[in-house]
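What follows is subunit A paired twice: with subunit B in the first complex and subunit C in the second.
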Partner chain A sequence: MTRPLLSYKNVSKQYNQRQILNNINLNVEPGMVIGLLGKNGAGKTTLLRSALGLITPDQGEIQVLGELSHQLSASSKQKIGYVAQQTFGYEGFKIADALALHRSFYPNWDMQLEAKWLARFELNSKDAINDLSIGQRQTLALIMAMAYRPQLLILDEPVASLDPIARREFMSDLFDLALDSGSGILFSSHITSDIERVASHIALIKQGELLLLDELDVIRDTVRKVSFKESTIDLSAYTILNRQQNCAIIYGYTGETVVGALAINTLSLEQLFVELHG
Partner chain B sequence: MLEFINVNPNSGDPIYKQLHEQIVRLIVGGQIAAGEELPSVRKIADHFAVNPMTVSRAIGQLVDQGWLERRRGQATRVAQNTTQQTDQQESLLFKAIDQLIQQAKQLDVPQATLAELIKKRWEL
Partner chain C sequence: MMQASKRTWYQGVVSFWLKDVGCAIYLIAAIITTLLCFIATGSEDLLELMIMFSIICMYTAIAWQSIRLQATEWQSLVVGYRKHVMFQGKVFIVFSNLITLLSIIIADNINLLATLTLANLVGILIWFLNRSFSHLFISVCNFSFFTTTLVCVLIEQLPVWLIPVNVVAFIVIVLFHKRFTPAYKWRPDSLVNYRNGLQSGWSPVPSGFLSNYGSSINKGLFPLSYFVGASLSQYLILIALFCAVAVTANLFINIIEHVIFVLTLLLFTIVTLCLWSKIQKQNSWELLFTLPIYNSSQSVKLALSHSALKLAGMVAIACFITVVALVIPHQELLIFNTLGYALGCAAGVLFSFAISNVCKNINLLSVFLCLSFGLNMGLANYMFENADNLFMLVLISAYTVMMAGLNRFTVRYM
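Now for the complex of A and B:
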C-alpha cells in the first residue's frame, strides 16, 4: 500500500466554543483528486489550512508527506502547492518579477510549464499585478502553485473566478499532475458540475463533520432519494444521510426493491448537496 | 465520433455511465463501425474536460462486455463480433422502461393498462 500524501486522524478544532472540525478522518493518496464539498462555514477552509500547518488542531493528528503538519521541513514545503481562497501578495510587482521571486523558492520549477501557462491564459509578463482582474490573479496563483509539480496540491475555491474555457484548461492540467506525476489533490469548490467532472473522490462536510467520503462514481451509483408515505419504512440496510418526513437520502443502494418506497431517484451532485442541507 | 457524444455533469447519471451508454448506442446504431479505432482515454477526457479515470472506467466496462477490444500497444477498437447484441440492444431500453413503470405505479395505473397504452401509442 502506498503511503498517503496527506492524512487526517481524528482531527477536531474549536473556535470560541464553536466546533469547526469534528473528528475528521481523511486520506489523500497519489492520483486522487478529492473534491471537498460543503456550505459556507462548514469548515472547508479550516480543514485545508490545517494541512499546511497554518492552523493547529485541538485534537488528532495531521501527517503531510510523512511529517506532522505543524512541523513541516523546508524540503516538504517545497513539495506542497496551495492556492488560498482570496488575497494575493506581490502587489506592486510586475508578473515577471513576482514569478522570478516565487520561482527562487522552488528548485523544481518548470520554466516550460510556466511559459506554456502564461501563453495559454494570455498573461503578459510585463503587466503589473495591480492591474490584473480577479480571474487573472487567480490564474497566476494557480501557475505559482503548480509550476513546480507539487506532490500535494491544496486548492481553496480555485476556479470560482475563472471563465469556463480557463476552467477546462486548468482541469486538464490537474489531471496531468494527478495521473502523470502521481500527485494528490484536495480542492474545495461550490461549482458542483466542475467537481463532477474533475474529482475521483468526494468528501462532503456539514457542520464540521465528514458526512460522506467515497469515490465519486460509487456515490453517484449508490446514493438515492427514497420517497415514502409511511414513516415505518425499513431503511436499516442503508446508511441514512438525511431523513425527512416523507423522504430520505440513502447511501449503499444497489438496485434492489425497497418495500414501501414510492420512488427511488438518482441525484446529481448538486441535488445531493441541496438535499443534504434541507 | 466524439462529436456524437454529449456529457452532462448535472445529469442524474454519473459521467462514466453516460459515456458507456452513448458509446454502446453509437456501436449499435452503426455510427461507429466494427474495427474502428477509439481516441485515447486522455484525448476523450480532455475533449469533455472530465477525469481520465472516469473515461477509463467506461472503456474498461465496454471491453469487459465485449463491445470494444483492447490489444497491447494498440488503440482500443470496436469489436468485430459484438455477441449477445440483441440482449444488449434491449437492455438499452431498461432505464426508460423502469421510469415508465415507476410513474405508472405512482398513478395507480395497472400493468395490463400500461401494456395496452404502449400498444396504442406504438400503432399511432
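Now for the complex of A and C:
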C-alpha cells in the first residue's frame, strides 16, 4: 500500500466557537485528483490551508509527505504546489522577473512547461503583474505552482476567474500532470462540471463535515434520490446523506428494489450538491 | 528540465522595495536622508534628526516588507524566499548604518553614536513587532516617529552612557525575540491590514475620530472630501488643535520657530497622505459620475480643482492667523514674513495637488510627492525666515497664483 501524500486524521478546528472542521478524515494518494466541493463557508479553504501548516487544527493530525503539516522540512516543501484563492505576493514585478525569481527556488523547474503554459494562456512575460486581470494572475499563480511538477498540488478554487476555454485547458493539464508525474491533487471548486471533468474522487464538505468521499464513478453509480410517501420507509441499508419529508439522498445503492420507494433517480454532481444543501 | 537558476542577492530588489508603494515611501525617504547625513555633518542638531529619521525609516520599510510576507500565503512553502527578501532588507540596514556612522566620524561627535544606537533599537522594535503583528504598524510607527523626533528636538545631545545600554538591549532583542512571537507567520488578517494600510496612506488618525465635527468641512470641500474620506476634516481639525495648543504654549515660552517647522511638516505630511489616499481610490470616480450632481466628467474635475483651491485658502488663513498669534506676544509683528509663509504653504498645497492630477502611476506619484514635500517644506520655512520685503511677497504671491493656475490646468489630465 502506498503512503498517502496527504492525510487528515480526525481533524477538527474551531473559530470563535464555530466549528469550521469537524472530525475530517481524508487521504490523498499518488494519482488521485480529489475535487473538494462545498458551499461558501463550508470549511474548504480552512481544510486546504491546514494541510500547509498555515492553520493548526485544534484536534487531530495532518501528515504531508510523511511529515506533520506544521513541521514540514525544506525537501518536502519543494514537493508541494499551492495556489491560494487570492493571488498575492509578486505585485510590482513583471511576469518574467517574477518567474525568474520563483524558479530560482526550485531545482526541478521545467522551463519547457513554463514556456508552454505562458504561450497557451497568452501571458506576455514583459507585462507587469499589477496590470494583469484577476484571471491572468490566477493563471500565473498556477504556472508558478505547477512548473516544478510537485508531488502534491493543493489548489483553492484555482479556476474561478478563468474563462471557459482556459479553464478547460487548465483542467486537462491538471489531469495530465497527475497521470504523468503520479502527483496527488486536492482542489476546491464551485464549478461542478470542472470537477466532473477531471476529478477521480469527490469530497463533499458541508458545515465542516466530510459528507462524502469516494471515486467519482462510484458516486455516480451509488448515489440516488429516493422519493417516497411513507416516512417509515426502511433505508437502513444505505448511508443517508440528506433526508426530507418525502425524499432522501442515499449512498451505497447497488440497483436493488427499495420497498416503499416511489422513484429512485440518478443525480448529476450539480444536482447532488443542490439536493444536499436544499 | 533544468537546475535551479543562480540567484543573486539583489534579484527582485527593485520590484520588492521600490515598486511596492508602501515600502518605497519609507525606503526612498530613508535613502535620501541617509545620503543627506553627509551634507548635514556641519550642523549637529540636523544630523541628529537625520540619523534618527533615516535609520527608523529604513527599519519601517523592512517592517512593511514583513507585513507583505505575512500576507503572502505561499511564502512559507517556497524555501529561501523569505530569507532572500529579508537579506535585501538587512543589506539596506547595514548600508544606512555605515553611511550614518561615517557622517558621525566626520562630525566627530561621540554623542551622535548614542542617537544611532537608539535609532537602531527603536527600529528593530518596529520591525520585530510588525513581523508578528501586522495590525500594529500604524500605531507603532507613529508612536516611534513622534517620540524619537521629540527626543531629538528636546534633548540636544543624547548621553554617551546610552550607547552600551542601547547596544545590549539591541543584542538581547535579536537573541531572544524568537521565544516570544512566531515571525512572518501567515495570518488571515495580514492581507487586509496590508491593503487597508496602502489605501488609507497609513493615516495616524482613527477612522471615527472627530467625525461628528467635520461634516460641515467635508460638505464645503466636496468632492475632495469624497476622495480623501472623513480623514480630511479630521486632519484639518487636528491642525487647528495643534495651532491652538502651540499658540497657548508660546505665551509662556518662545517656540515660534519650532511651531512653524512642525506645523509645516504636519501640513505637508497630511497633504501627502490625502493625495496618496486619493490615488488609491480611483474606482470612486465611477461612483461619483453616477451621482446626479454633475453633468460631465469635466464638471467633476473642475469641482475637484475648486475644492483644492478652497483647501489651499483655508490653509493660508489658518497659517496666517497662527503665525500672527505666535509672533504678537513677543512684540515682533513680521507681517511680510507671515504673509509670505501663509502663501508659501498654500502654494505648496496647490503644487502637490497639481502633481497628483498629472501622475496616475502610484510609484511616480510617490517619488514626486516626496520631492515636492521637501521643496514645499523648504520654501515655506524660507519665506518665514527671509520674506521680509515687498518684493519677496510679490514673488510668492505670483508663485501661488501660478500654482493655482497649474492645479486648474492639470485637472483635465485626471
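Heads up, the rule we're going with is that the second predicted complex is superposed on the first by the 277 of 278 C-alpha atoms of A that agree within 3 Å, B and C clash if a C-alpha of one lies under 4 Å from a C-alpha of the other, contacts with A are read in each partner's own complex, and residues count from 1 in each chain.
Quick note on the criterion: a contact is a pair of C-beta atoms (placed from the backbone, for glycine too) under 8 Å apart; a residue touches a chain by one contact, two chains touch by 3 or more.
Treat the numbers as computed from the prediction; the structure is a model and nothing was measured.
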- request: Please work out whether A:216 is in contact with subunit B alone, subunit C alone, both, or neither, and reply first, second, both or neither.
  value: first
Message: According to the stated criteria, A:78 is in contact with first (subunit B), second (subunit C), both, or neither; which is it?
response: second
- request: With the two complexes superposed on chain A, say which partner A:171 touches: subunit B (first), subunit C (second), both, or neither.
  value: first
Field: Touched partner set for A:110, first subunit B, second subunit C, both or neither
entry: second
Query: Just subunit B (first), just subunit C (second), both, or neither: which does A:262 touch?
result: first
- prompt: First (subunit B), second (subunit C), both or neither: which does A:86 touch?
  reply: second
Subunit A contact footprint on subunit B (complex, rising order): 9-17, 45-46, 48-54, 57, 102, 105-106
- prompt: Residues of subunit C touching subunit A in their complex?
  reply: 1-7, 11-12, 15-16, 18-20, 68, 71-81, 84, 186, 191
Message: If we count contacts the way the header does, which residues on subunit A are in touch with subunit B in the complex?
response: 31, 33, 167-168, 171-172, 175, 179, 192-194, 196-200, 216-217, 220-221, 262-271
Field: List of subunit A residues in touch with subunit C within their complex
entry: 49, 52-54, 72, 74, 77-78, 80, 82-84, 86, 88-94, 97-98, 100-111, 145
